[in-house]
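Letters A, B, C and D mark the chains as written, and numbering starts fresh at 1 in each.
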Amino acid sequence: MAIRRGRGVAAINYPTGMNLGGDPTQALVHSTPTGNFMVTLSSVDLGQGMKQIMAQICAETIGVPTDRVVVDTADTDTGPHCMGTFASRGTHRAGNAVIQAAKEARQVMLEVAAEELEVNASDLETDGQGNILVKGAPQKSISIFDVALSAHFKRGRSISGRGMFLIPRSYPEKETGAMKPSTCYAHACTVAEVEVDDETGEVTVLTVKNVFEIGRALNPKMVEQQLVGGSWMGISHALYETTEPYYPNRDNGGTDFNQYLMPGPGDLAETEIIVLERPSADGPYGAKGPGEMCANPQIPAVANAVFDAVGVRIDTLPITPERILRALKAQAAS
Amino acid sequence: MELRKNYFADVRKDDLHEIGQPRPRSDSPGHVTGKTAFFADRNFPGMLHLKMVRSPHHHARIRSIDTSEAEKHPGVVKVLTAKDVPHNVYTILILIQIGPEDETVLADGKVRWKGEAVVAVLAETERAAQEAAAKVKVDYEVLPAVFDMEEALKPGAPLVNEYHGQNYYLYDSGACRKVRFGDVEAGFAGADHILEQSYQSSPIEHAPTETTGCVVMPEGNDRFTCYTNTQAMFFTLDNTSIILQMPGSKLHFVGGTVGGGFGGKVDVIVEPIAILGAKLTGRPVSFIYSREEEMQISSPRAAEKVVIKDGVMKDGRIIARKVTGYTDAGAYSRHSPYGAQKGAGHYPGPYTIPNVWIDTYCVYTNRTPSSAMRGFGVTIGDFALEVQMDKLARLIGMDPLEFRFINAYRDGDMKAHRQPTEGAALIECMQEASRAANWPVAEKYMAMSSYKNGA
Amino acid sequence: MAKVPVQFTLNGSEEAEFIDSGTTLLNALRDKIGDTSPKGGCHQGTCGACSVIIDGELRLSCLTLAETCSGAAITTLSGLSESGVLHPLQRAFLDTFATQCGFCTPGMIIAAKVLLDHTPNPSRDEVVEALSGNICRCTGYEPIIQAVLTAARANSQNAA
Amino acid sequence: MALALQTFPTVKDANAALKAAGTRYLGGGTLVVRAANEGDVSVSGLVRSTEPVLSAIAVSGGMARIGASVTMAAIARHPELGALAKAVRAVGGPAIRNMATIGGNLFAPAPYGDFAVALLALDATVSTDNGELPIETFLAGRNDSRAIVTSVSFTLPKAGTFRFLKVSRVKPKGVSVLSIAAVLEQAADGTISSARIALGCMADRPMRARAAEKALLGKTLDRDGIAPALAAATEGTAPITDPIASAWYRAEVLPVHLGRLLLT
């Protein structure tokens, strides 16, 4: 018996948003009488935390703490249209729509504040804590709470805004394929280290070092959630997952979580995540979509590490113990 | 996780108040107390349960369907077949003009994959629906099936889907989406080495812990509220409106927190038939996939085949790359024509190669219809590309990481689809990986930059 | 259809219902009693989302018939926080960002509670074993393991 | 017909009720309730008995008798059954072990039923109201068995003689690629004097590896000594193919894992 070690690398990029564009998302923002802000969307939170991120984006843009923003979403009676949550588009598309809506609301808010403070709106700034200050004279200020009250009950102004983000659809040129698939790309490089049991074909992923470039990490802890979970899924895809384990025979597909294989809590690789941030030109605060691409580089990195360990190439996913063992036997026979 | 702020600090403002802050998630308190409402947490009095009778065959003609015994079964309220669906033949991407309509809500005359929905049974209890479903009699004439993309593309192969007329999706560019850049044959002719390799993948299930489903409530005013875990509210509403020939104003979709999507909940599968059931019975209807259905009936990530032919120089430059990608749509389009197209836009990967030829095919077979999944159109392509890169590096005796630096794209480089590269960061990711993994590369690579005028 | 009576305590409160014979505890809790904190992720016993505690033992409510629970004391996630104060596990799941979609969370916390009730200072391996019947597709498990270890540390510090 | 449960105080009455068509015995629910949830409408009546003997564990005189309703967790907790701990913990996760019963495990189709593999190596005896059967005989006829299993009894293995290995793809709870249980007794000179080896997943139900057992007799537990047994390990096997592994793979790695178990 020999446990053999190997390591492999892979580097990838990934487009943000629906390919070729043409995928609009809208947002509405309005303030309550006491200066809380409501973001209205129809986008769906799949568990990645879109509601939280939209709240942070709105808060940053308006100039209030995040806990003063409420996100109402996924209701077609109240929320304006969104193409949907897929293709790493949620943060990028909806985030831009929220910024646009929040900016419009902010402008009204500053205009009301300007009237209250008897200055020009262009001379005002927010402190991020819920106050509006005169630039260069911060002692002259008004709270957003008071501005909202004034707007509602004194000045009859609606502190609200509309946002729409659309990347115009690109139509590929028939013969050359000239097209614009995406406006920004995330990047990653992963190094995986594995052990392969050359008598059974079993693979243990010892470590994965993932470097991701994702534009801007809008909420680093939530980015970490995506990247850690994605890295696990990448390894799972590489070594375990299939609905047709014996294709072209289509029998014996898993129908439960015992048979449909994924790494368990006792199979976890030591996982390191490093994040670089090159803000995208058109993302909300420079964000790109990290949710999909974070599960991609581990697959080839693990495949390359298996080759490095035992000298056989498995070019069909998943890289099961059976495929490795068959390849090792073929290698020994030749 | 570590944020390496030293990279790209010159183009980034780090003094924001809320952005970049690890604020607690607003949804998490609901999750840890069990108070978060998922769609299935709504239970209405008098709710009916929908169970689907499915095809046991990969490809068959339906001679007849007899639902009489099922209809008489105690607890059964309604049995639906194709004739009950106002616009039974649909395709989801028709909303962005990717047709033709090619899929039946309930099978009409033919089934094209094992597991296809044929008859829907609505009953007072799940058990009654299951028992009645077992009493539906469908007489099938089994037809030859095809499960292999290359077999499906051969002349004389069984025709999977008559709405297409051939076993591939017909793009405006023909049988495949094409990208042509430079002169790939000239590139091969001038290469020191040629390497052609083939890669394959299996369908993969999203396996969200919450299965696909919806609960529909008739509001009593000709409107229907559908609580659903779709990933795309209006996408589902608009397709339902088409299928049921019902004004969108009559439909109200409510989502919320979804128990994991990963692309598996963008097909419009459960909502139209459940709303139809609610409309025809006037009762609330629940249609929730069993785990078995989620695993074997819901669309998986497509099986793919990728053939890559590269011309490489001894000094490490890739000078020509030809990629032929095949996406197995299964029996129906769903999102696969879009996925194959996305592959065409992604190849040849994040590398600058002067001569590129790409063909991507969306192929129909009698396998379970595939659709979107995390990394759609790219994930399997990246597996193929990056294993190929490893092989190329070893072929010319070069370190695999250094080999990637030589070919990595940088700002301003022209991509094969004729967009100049912007915002590249592959080089920096590799530099940081080199450090983190203690995989040293030559100093000249560590000095490189993705910026246009970088070293 | 035969209706049968069931009576048990749920999170400390007496519950009595007439249910269809053969109803699973999961369906009885969710559809009859209205406690939707246990989730039906598979109804096969393979995902753990429906986990509850019956007389101190971790059980799967999807495979347990409600009528076999008469007289039992049942705890679900709904019963963990007392008068609005979060259980240390709930606090730890929040603080360590151990929830994503949240669907597996009820089962995970219930499984972890049974562990900590019996083993207040578990090793990592003991945590892994305790969570091994619960599937998560979002997190890659590590944040959940860390949450349980964090809760155990918080408990032992409070006890000290 | 809706699903209905009947509970009886005695095994006798439960056995009588089981004679009705469409009935099955409800143990821990991990097989029967699951089947009903998944739409198996062939079963409409569930029967169980609460007779105390079904839940009893008795250990005396080197013998153990375990009531059929005893759960895996209860076996794992029992101070005098520590030798079996590894095999008990091979079943499911913690919740399943609190539900799954020893009686039910006898009926679990491969790749489940790892504890039954251990019981086969222990040469257990299965009791019903109709009498007692050697476990191997019982397993061979289990598809047609209608009488409720009341208990399983076996001679406790001498210290250090019982070995168990479960190979799974997913850790720590995955289902079996295969499982191996062995009771090996050694003479004073270290040679094997008695060997019982049982295999899981190498057929549709647990089976004995008789050729390997025979090949071990008189041999020492070293690489050369076990070689004939490993060469004979797959004799008579018909491994299952399922989503976990193919028959080919199971047959290929059985000797590898048997070798590792024997040399530990």
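Assume a contact is a pair of C-beta atoms (placed from the backbone, for glycine too) under 8 Å apart; a residue touches a chain by one contact, two chains touch by 3 or more.
Because the structure is a prediction, the values reported are computed rather than measured.
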Which of B-D and C-D has more C-beta pairs touching across its chains: C-D
Central chain of the complex, centres being mean CA coordinates: B
Averaged-CA centre spacing for the pair subunit D and subunit B, given as whole angstrom: 42
Geometric centre distance via CA averages, subunit C-subunit A, whole Å: 30
For subunit B paired with subunit C, centre-to-centre distance based on mean C-alpha positions, whole Å: 33
Where subunit B touches two or more other chains at once, by residue number: 25, 27, 125, 127, 207, 257-260, 262, 290-292
Of all residues in subunit C, the ones touching two or more other chains: 20, 22, 42-44, 46-47, 97, 100-103, 128-129, 132, 135, 137-138
Contacts with two or more other chains, residues of subunit D listed in rising order: 2-3, 36, 38, 172-173
Subunit B contact footprint on subunit A (complex, rising order): 7-15, 19-20, 22, 42-47, 49, 51-52, 55-57, 59-60, 63, 65-66, 71, 73-77, 79, 81-87, 128-129, 169, 172, 174-182, 184-185, 187-191, 193, 209, 211-213, 216-224, 227-228, 230, 233, 237-238, 241-245, 247-248, 250, 253-257, 260, 262, 272-281, 285-286, 291-293, 295-297, 299-301, 303-304, 307, 313, 315-318
Interface residues, subunit A side, partner subunit D - complex: 1, 199-202, 240, 245-246, 252-254, 258-267, 321-322, 325
Interface residues, subunit B side, partner subunit D - complex: 51, 125, 127-128, 130-131, 133-134, 290, 292
Residues on subunit A engaged by subunit C in the complex (per definition of touch): 46-49, 221-222, 224-225, 228-233, 256-258, 262, 264-266, 268, 271
Complex interface listing, subunit C residues touching subunit A: 42, 44, 46-47, 97, 100-103, 125, 127-129, 131-132, 135, 137-145
